[in-house]
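These are the structures in question, set out in turn.
In the two complexes that follow, chain A is the common piece, with chain B as its partner first and chain C second.
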Partner chain A sequence: MNAITIDNLNYGYQEGEPLFQDFQLTVPEGQWLSIVGHNGSGKSTLAKLVLGLLEAQSGDITVFGQELTPASLAAVRAQVGMVFQNPDNQFVGATVADDVAFGLENRQVPSAEMPALIEAALQQVGMADFADREPHTLSGGQKQRVALASVLALKPKVIILDEATAMLDPAGKSAVLATLQELKAKYQDQLTLIMITHDMDEAALADRIVVINDGELALDEKPAALFVQGAALKQLGLDQPFETQLQEALPKAPQQYLSKQELAAWLSTLKA
Partner chain B sequence: MAINIEGLTFHYGGAKQSPTILDDINLTIPSGRITAIVGQTGSGKSTLVQNLNALLLPSGGQVVVGDQVITSKTKEKALPAVRAQVGMVFQFPENQLFAATVLEDVMYGPKNFGKTAEEAEELAKKALNRVSLAEEFWQRSPFDLSGGQMRRVALAGVLAMNPKAMVFDEPAAGLDPQGQLELLDLLRSLRTEGKTVVLISHQMDQVLALADQVVVMQDGQVAAVEAPDQLFQRSRQWFLDHSLDLPTPVAFAKDLEEKGYHFDHLPTSVADVAAQIAKQVDWSQVTEPVNVAGADWQSQQASQSSADQVLTSNSRGGDLHE
Partner chain C sequence: MNNLVIGQFIPGKAWLYKLDPRTKILVTVAYVFLLVFANQWPAYLLAAAFLGLTLVLTGQSLALYWRGIKPILWLILFTVCLQLLFTGGTPVLWHWSFITITVPGVVNAFYVIVRFVLIVLMSTALTLTTPPTSIASALESLLAPLKAIKVPVAELALMLSIALRFVPLLMGETDKVMKAQKSRGMSLSTGSLWQRSKAVLPLLIPLFIGALQRALDLANAMEVRGFESADNRTRYRVLSFTQADVLATIATIAFTVLFIGTLLIHF
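Let's turn to the complex of A and B:
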């Protein structure tokens, strides 16, 4: 079963300026996919098309076998949760707990069940102590974790994160990434993750990385196979991870991707 | 124009019981320099910079911007003069955009501070060129732009006002590598022009590459004020305690030091790390091709991937799922 199938997608912001032309992408159920690409390459637009926030000029988007149409929009959105880059645009509640409750209310979850669901969702992002705070008193990073909790509470089958960690401090960022890894380990194939990011360390967590360049699917690889393609990445306006750059700058090195730990371990054998 | 912060305390509202956000901050932010302010979420960084241009007024102590002294008693009508001197680029650029077109948005600031429409337009175009936003976008609505493009418009809006000091809150977040490089160049050129540049950032690689002075905030207090090459000599534990990352080259060098390598200076780039490693290894003893034990899953993954690539080209769209 595929979580998302995009077939012959055509879309442009302005007439005569197509962005996506007969674009194809298939995301199998349970995959952790990273989408990378330079600013304006169409990554966020693609996510908005999948959620039906933008309407394609032509082509089919299918989510778990259900084609995205005006009639199926609500059903599709019930399966796909999205966390945006700017959490301020997704806050509605007077308190943090209210904000998480909002989505549950929309799903008509019985109010007796809500407190436990809200607590569990906030716990997963390390924000349980902030349940009674007003969202505007939170920092950007804290808001983003609440936004993720609001999505988690609805138990979606797909979560799309659009540069959701770009604004977080190291602690907040690793808390969110660790949460995503825990969720993935817990739900396995029941949860499909799509992460839009510029951060190659973050992209490396995925099973697969797709590089989008001006509406075209430029590369489609596993992280280790992508990172060794320095020239191609550079041409697409992207960086290799630090460890790969270092490996290539050394007089001799293994001809394969090594993580930072692996590279340090290999270098330590040369020193012995 | 230097900014002096003297005994600054801050809490929201007049009430004594509201928690102290900033506690007795004393700091000089020099002109012609880049000052980075770092610290974990909630440490008071954003509150501190909002005191620099009187968006927030001190609860106690004072902020001296050029020849203007800002205290809790400063009158509302004195504030625009401060804000004209200190430009702010906030964390979420779309929050500071509002006009119908990109060009009008950038013209708003200069017009507001007394420039004619023609002068404002000229300043706006100059600023938009400086942030490398292509002319094709100038007549579009700023809300049709991507996040990275919006960031450029917000930057241009502040540049067009030509303030003496500029504050950037996480300016590189959400920018692609090329955009980040351009931004670093822009901040450096502002420094060369003698501007007072303040940068809030979590990205220590940028702090290392840019800053002349780093202010570390913790729990509303200043935990350290040092030059980057001094600060990053501190122990890994110190950075953990302050919830800060180390710059990538520095972190890697510290890892290697535990494995017997020695770094005679703090490495600031990939090339620097590579050069310092290279001279410590007898490369004639390293036989090629180099193989690495213990990295099996990686090589397995890589070879599987090339097999998948064949699949992908046959089955368009690609199914890399295992």
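Let's turn to the complex of A and C:
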């Protein structure tokens, strides 16, 4: 089954300046998809359209077989969670626990059931010890993990991360990415991850990468097949991941794509 | 801003922290209301005793309360001057040109000081021991009857708690913008009054734009997490009265009866 199907989507912020024209994209259930593109390419707009925060001029968006309409908005949002870019601007509660509770309160989960659900959600992102902390005492990475817990508490089938690590320091970023990998390993095909980013190292974690350029689907490849196309990426205003750049700079390196671990393994054989 | 004691919450474990926030708000309101009627020293003495008990039960040091009073000393002094100057009656203590100070004036001024201090300290005891969000949810619960006349109580309480949540954030942002402007040569502490007020403008504009952006982002985040209206929600933090609240209520009723008693005796 497809988690999200976007069919003939047309959207523009201003009339006469269309961003998406007859845009098509299908995301199968359980896939880890990265959507990359330079600033202003329309990748965040796409996420907002899927969640009904923006309304398309025409076209169909279908989530698990259910078409997105004003009437189905709540049902669609119950299946799709989203983590935004700015850690501060999505923290609704006064404390970590209150913030995770916010979504549960909206879904009218009985008060007695909430503490266990909150505890479980915080445990999954490694923030259970911070339940009573106020947001301004947390680091950016911790806040984003709380945002992830808030989404997880609602048990969504799809999580969209819109540049969720863009404002974090390297330590915060790797903590969030490690949490995502753990979640994906735990839920396998039950969880579809869509990661919007312009960081290619981050995008490399996905099963599939879609490059969007000015509202058009420019490339749609597996990471291995995408990263070897250095020239094409450069033209779209994107870089190859650091390890691919390194690999191509080494004349004796193998020609096929190597992941970070594979490249490290290959490098360590050189000395012997 | 951080040395302002009034309105600040300090985490603790003393008895007053265990009270339901609704009880604390109601007791504070009743106390302030009663004090308005106090006009003789026995009433003030009784009120001071009740306050003393309350302060002890907050488990905070008295020095903290002194710090709470300090910033409003000038306000108290000003009110005292008004009382001294504009209370008529006899006997006259001192007279010079248009200034006349009378005995009732001195007595009134003294009462004003006491009343002021009592009210401020009682409110401080409330906010010191109650997190702002608990105050917001207590107000929501207390004002619930107003829903009958279509007052959006739940929305207002949610707005209040979100506003409180953004206070430290906006204060941090103000600081950042101020430093950014200062590093470009702006000064808020030199120049004429006109120049200084003009310097505030480039401070306010980025702050407003930032706050609006935050509000838009927050609205999106709330909507995505299923927020539709403040009324159709369950609550994570459920307020419940305990034995402590019963005890506090009994104490307050006893105080009220005694207080009214002293007023009646002296009338």
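Before moving on, here are some points about what is shown:
We take it that the second predicted complex is superposed on the first by the 261 of 272 C-alpha atoms of A that agree within 3 Å, B and C clash if a C-alpha of one lies under 4 Å from a C-alpha of the other, contacts with A are read in each partner's own complex, and residues count from 1 in each chain.
The rule is simple: a contact is a pair of C-beta atoms (placed from the backbone, for glycine too) under 8 Å apart; a residue touches a chain by one contact, two chains touch by 3 or more.
The structure presented is a predicted model; accordingly, all values stated were derived computationally and were not measured.
Annotation for the three-chain superposition on chain A: chain B and chain C clash. Residue contacts after overlaying the shared chain place A:224 against chain B, while chain C stays out of touching range. Of the two partner chains placed by the overlay, chain B and chain C both lie in contact with A:86.
Between chain B and chain C, B touches the greater number of residues of chain A.
Judged by the touch definition given at the top, the superposed model places A:9 against neither chain B nor chain C.
Once the two complexes are laid over each other on the shared chain, residue contacts for A:203 go to neither chain B nor chain C. In the overlay built on the shared chain, the residue A:51 is in contact with chain C alone; chain B does not reach it.
Within the superposed three-chain model, A:114 lies in touch with chain C and out of touch with chain B [touch as defined at top]. Of the two partner chains, chain B is the only one that A:257 touches; chain C does not reach it. In the superposition on chain A, the residues of chain A touched by chain B in one structure and by chain C in the other are 86, 88. Every residue of chain A that touches chain C in the complex is listed here, in rising order: 48, 51, 53, 74, 77-78, 80-82, 84, 86, 88-94, 97-98, 101-111, 114-115, 118, 134-136, 150-151, 154. For chain C in complex with chain A, the residues that touch the partner chain are 131-133, 161-162, 164-165, 168-169, 172, 213-214, 217-218, 220-228, 232-238. Contact residues of chain A toward chain B in the complex are 5-6, 13, 24-26, 28-31, 37-40, 44, 85-86, 88, 139-142, 163, 166-173, 198, 207-208, 220-225, 228, 237-239, 242-243, 245-246, 249-260, 262, 264-268, 270-272. The part of chain B that touches chain A in the complex is made up of residues 40-42, 46, 91-92, 94-95, 144-149, 170, 173-179, 202, 243-245, 248-249, 252, 255-256, 259-261, 270-271, 273-274, 277-278, 280-281, 283, 285-286, 288-292, 294-295, 298-299, 301-302, 304-306, 308-309, 312, 316-322.
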